[in-house]
Amino acid sequence: MSRPNVGIFGLTGCAGDQLVILNCEDRFLHIIAALNIRDFAMASSDNDSACDLDLAIVEGAVLSRRDEEQLERIRARSRILVAIGTCAVWGGIAAMDGDTDRSQLVRDIYGECGEQFDTTPARALHEIVGVDLNISGCPIEEEEFLSGISNLLNGDLPIAPTTPVCAECKMREYNCLLTERVDMCLGPLTLGGCNARCPGLSIGCVGCRGPVDDANLESVTALFMENGFGREDIARKLRTFAGLRVVAHTLSEDES
Amino acid sequence: MKILKLEKGKLDLFASVVQQFGEVHAPTEHEGKFSFKRLNSWSEARLDYNRTVLPPRKYFLPPRETLFKYREATGYVPATEDLEKRVVLFGVHACDIHALNILDEVFGKGYLDPYYLTRRKNITIIGIDCTPDEHCFCRSMRADFAETGFDLFLKDIGDHYLTFVGTARGDDMVIATGPLFSEVTHSDIVEYKRRSSQKCDTFKLDLEIRDLPEIFELEYQADIWEELGEKCLSCGNCSMVCPTCYCYDVADEVKLGSHDGDRVRLWDSCLFATHALVAGGENFRKTRSSRIKFRFYHKQRGFVAEYGRPSCVGCGRCIEACPVGINIVGVINRLRGVEHASTD
Amino acid sequence: MKRKIVVDHLCRVEGHGGITVELDGDVVSDVQFQVFEGLRLVEGLVRGRRYEDVSQIVSRICAICSVAHALTSLKATEEASGIESSPQTVRLRDLMYRGENIESHALHLFFLAIPDYLDYAGAAEMAADHREAVALGLRLKQLGNAIQETIGGRAVHPVNAILGGFGKLPSFDQLISLQRRLRQGMVDCEAAVDLFTTLPSTEYCQIDTTYAAKRSPDPYGYYPGDEIVVRSNEGSEVYDPGDYRAVIREETVPYSHAKLSLHKDKPFMVGALARLAIDHDRLSSRARHAVRMLGLPLPSGNPMDNNKAQMVELVIDVEHALLTVEQLIDEGLQQEKPIAIHPRADTGTAVTEAPRGLLIHSYTYDSDGRVVAADVVTPTAMNAASMENHFRHAVEQSVEKDLPELKRKLEMIARAYDPCISCSVHLVRKRHAI
Amino acid sequence: MHQQTETTLHRSVVRENPYQPHMARIVRVYNMVADNYLFTLRFVDEQIAGTFTHRPGQFIMLSLPGTGEAPISISSSPSRPGVLELCVRRVGRVTNALYRCRTNDLVAIRGPYGNGFPMEELMGKNVLLVAGGLGIAPLRSLLWYAIDNRGRFENITVMYGARTPQDMLFRDELVSLVGRTDLTCLLTVDEDPGGDWKGHIGLLPQLFDYLAIRPERTCAAVCGPPVVYRFILKRLLDLGFTKDRILMSLERRMRCGVGKCGHCSVGYKYTCIHGPIFTYWDAINLPEMI
């Protein structure tokens, strides 16, 4: 790919991942030299919203029919679609309470005029279209994003991280919060790549990058319960960034 | 072997002389845990530590290192930048020295790993005595005393350290400090022997390694592996902190907007699901139980077949690091069918 | 003759929104600032969550204001459980706000606003001709991020700020490195002010405006203190944070996912221009110099002046941050552990200044420390009515009435407000305690 | 630990580095079947090109700069030096990148690695080669070595099965062997949707029906996907082959190729140094080997 046509899009989210792209200050000028950014509404007002794209980078979850249609349009015009951020990859915090009554919630907040609002339960991009590459993180890590793009420019899909936060935590010799302070650290369940940012600050991982492939939920839950945490709270905690929502949902059902 | 003694009160003086042999790194404390770090001042050194979170392995096989730089014009060029750095590791325990000797077998036999070996030659090791705690079982693993693999080894005999000189460089260090060292007397020897046998009695963990390979073969299908598989988190903590685990991954990293890049090597673990995954999705150790079994099997049985001894030195790190309390001594004793009072 | 000006999708703003203005002859008959950001209903999601999880969740309302959301939430929760943070914690948190403000204003001015003035589609396009200016903006932005990273542990969605303090305090070396960068930042700010004085003027909307901002005991504090001041040409009123409902009345409108906020039935403006209007008598000499250089009248009735106000705040924030960092270096950081919280059933409300203006978080907890009700009022939501008001006057005051030109002006006004649209849709109506 | 001067230390990393890949040029790309190419490579450095040699069954580590490294069997015979032939199936990062390469592009190679077939053991005996699918890649080296050194072996038999004629690797080459009198070449396909296959149709083990084997004078070399092992090994044992006369080539994940990285270990052996050629006895003795 020589200077591919690129679009950067945000569905519903906090714009944190697009901000991380803009935060690549040192390398921002390199990025715009390597990529022909044709459609990036957050950063430019001269956007070609119809051209074919080699690469579409999409942030945010799908929370409305409008999002869904936009995503389908993006997919149709792009060769490679990359989901960036936990919302796009897993549904993010908006998917936390998949089981609550959404229309009721909307009515609670907006009153009657809420009824006509275009709103659907949160979904990750892969639930709607094919996704070629997922880069997780809330927000994504700058290095991982740039190396992902470099790999794509080189013609390869980047090597997906598969190791948990714990491994990175130990590589940096941080004190373990599970064995030492008995926090609810989600490090063993969470996909690494952040260099164990939170444990490095003596704060338990909250799982913002979503789960590792073979997360041993049962064992971690048993451990947390042994350490005195309630099942409901554990289930909620696991569900925060939505990656574990399906299993966490089962966990809370077990109880009832 | 040349043996001298060093007054304890002069240790800081000795350390200041040793600086000329390289950057001094020693165990330092952080919220009750220890790690080898570059010292800003000698007072940071905590020679009374029990164990560091990461073993000295991190100096020889770093968590991440660049092996080659690839440039379109020159091809793969070996990266040599950090290799020549001279470091003095002050205060390495016997088990960790044993572990380095084990890594020497892996990286220094057959195909020689020049990165590891170059570091091994540039890093000076000053060993020190220790007191076993509740997780130590180096005695069972025959790793409680080191005969080789260090430049100097300091053994506590009260007011003095008996100093065993292991290499010519160790001798140079002794000579550079001149009058700090004195001759060993008969009463020093008596004291050394007294302390040595006393130390043997302080171990709280014990296990028998004779015929362990046979036991492993016999118990290859035992239920315990399934049980452990249900408990294990595949977090890799045990292998990250192990002084003799050396699995690594290699990846090419390309620079944005070019075809140039680096080939890096990164720590890996046999507990990760992708460790034995090959093309076509075939995974030779798909289940967690098969992976944790493999770790024990490889250390306690596979390594014996290849190198004549288990690759565990009994440092206790994996016991301390496991969030769900999987305890290697407990596992082995259970395989053997013996209960030991102090294992769980 | 009826005409309609429609901006489908506002670019170079955070989030998704549009503008529709209907003209009947030369009179504006209808103005709508529509927000069609999807609904994440964050307010509903925190219900039932324990007190220590809340700030991490609400920080995701918006990335650009994530420090403000996280810290306002912590402050409200601490208020509810009756603990007071140490002066060092307050100082460090205010420093995080400076970092966020520097980053956010630099992003806004150099990436979103200046390209407007110079007629470029964005910073990338501008970089071709004005590499230096873009590099200057990137440097300032990076400075803001460096502060947020050093104190907050991450530039977006800080993780280090927790209830009762911080996970880990910055090291001496980190502070020294910040000091060095902030000194460069002082020089960069001067260059930025100079650059700004060369931009074309934008006098096309002038009306009396009501302003609201927090007033802190220290001059120009974003985090400490909690009085809300409302200022109009009828004078100033002061409110307690707990009475924020008396300041703001919200209305839902069918065309937008954001509610409209009014003060005594009138729109009001929050943000940099409002803060300067309210705190203009306590500015440092450097800041006053910048105000003069930019020719910024205070108070001003021109929303476009918000860009100038943001420029002045860059000067204020860099100076302030440098001062704080130097004090921390001189006095040394005390190794305080975060204060442990013992939950109790109560309500806590906190008010701070996010980059775009007043931010209010209010939570009611039960005795287990679980959220019973939550209420978040964001600056962009407060500004929505004011924006519509300014759109209306800009269109009516424009003489040429040329559609593309009007459209451009509307977009520029919207961007001058620096709306953060994802914030605006997370309003919560307080529920009664069960 | 003896002292060494800095210059020699440096040299060991630069000159005696077992991980050092050497640039090689693709001199020919041949599209064999869908997703399988045959690459002919020649080292850029003439000295290496002239001296490189290997044993049949050995593999090299192939690097695509910026993409990564993968183990690939050498499909050409050492009896035909100067170039290396690699038969590669496209499955992942490295093989995809290789697939994009064209004649004259550069790749990098280090090796050869692995034990290779025990030639001393095979010489003077009958050799039976049994391959399924991509399993022909390592066996082809042995096949041509045996043909080129015909006098040193007794009977040579090759049995190869592919899913369809279109999937048959080295098809023209193998078909041309069928008529030869100095060796037996038996080919089969599972099915023939195109209807142009003149040879045998049926599963690989059926080929044994055409064969009279004297197991006590024969060594068998087997390579293929797991299903091949499952059926062929049993068949060979039934015929009376002893377990150490059945040789097989195994695949594992590999990151170093030289017995360090730990990925290819099975039981207490490393596939890269103790293998990839193992006897059937090794396989039953080592847990999880097949």
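Observations on the model:
As written, the chains take the letters A, B, C and D, and residue 1 is the first residue of each chain.
Everything below uses one rule, namely that a contact is a pair of C-beta atoms (placed from the backbone, for glycine too) under 8 Å apart; a residue touches a chain by one contact, two chains touch by 3 or more.
Computed from a prediction, not measured in an experiment: that's the story for all the values here.
No other pair of chains shares as many C-beta contacts as A-C.
Centroids of subunit C and subunit D (each the mean of its C-alpha atoms) stand 65 Å apart.
Note on chain placement: the centre of subunit A and the centre of subunit D lie 43 Å apart, centres being C-alpha means. One simple way to say how far apart two chains are is to compare their mean CA positions; for subunit B and subunit C this gives 52 Å. With centres set at the average Cα position, the gap from subunit B to subunit D is 38 Å.
Taken residue by residue, subunit B touches two or more other chains at 251, 254, 259, 268, whereas all remaining positions touch fewer.
Shared interface positions of subunit D, i.e. residues touching 2 or more other chains, are given as 66-68. Residue numbers of subunit C whose C-beta contacts span two or more other chains: none are found.
All chain pairs that count as touching, in label order, are A-B, A-C, A-D, B-D.
Across the complex, subunit A meets subunit C through its residues 10-17, 19-20, 22-23, 25-26, 28-29, 32, 37, 40-47, 60-64, 66-67, 92-94, 96-97, 100, 102, 105-106, 108-111, 113-114, 116-119, 122, 138-139, 197-198, 200-203, 206, 208, 233, 236-237, 240.
Interface of subunit A with subunit B (complex): residues 27, 30-31, 33-34, 146-147, 149-151, 153-154, 159, 162-164, 166-167, 170-171, 173-176, 178-180, 187-189, 202, 212-214, 216, 218-220, 223. Within the complex formed with subunit A, the residues of subunit D that make contact are 66-68, 93, 96-97, 100.
Put simply, subunit B touches subunit D in their complex at residues 67-68, 70, 72, 75-76, 78, 80, 83-84, 106-107, 110-115, 117-118, 120-122, 149, 151, 167-169, 220, 246-252, 254, 259-261, 263, 268, 270, 275-280, 282, 284-285, 290, 294, 297-298, 301-306.
Within the complex formed with subunit A, the residues of subunit C that make contact are 9, 11-16, 36-45, 48-50, 53, 56-57, 60-64, 66, 107, 111-112, 115, 121-125, 127, 131, 134-135, 138-139, 141-142, 145, 153-157, 159-160, 162, 166-168, 252-254, 257, 259, 411, 422, 427-429, 431.
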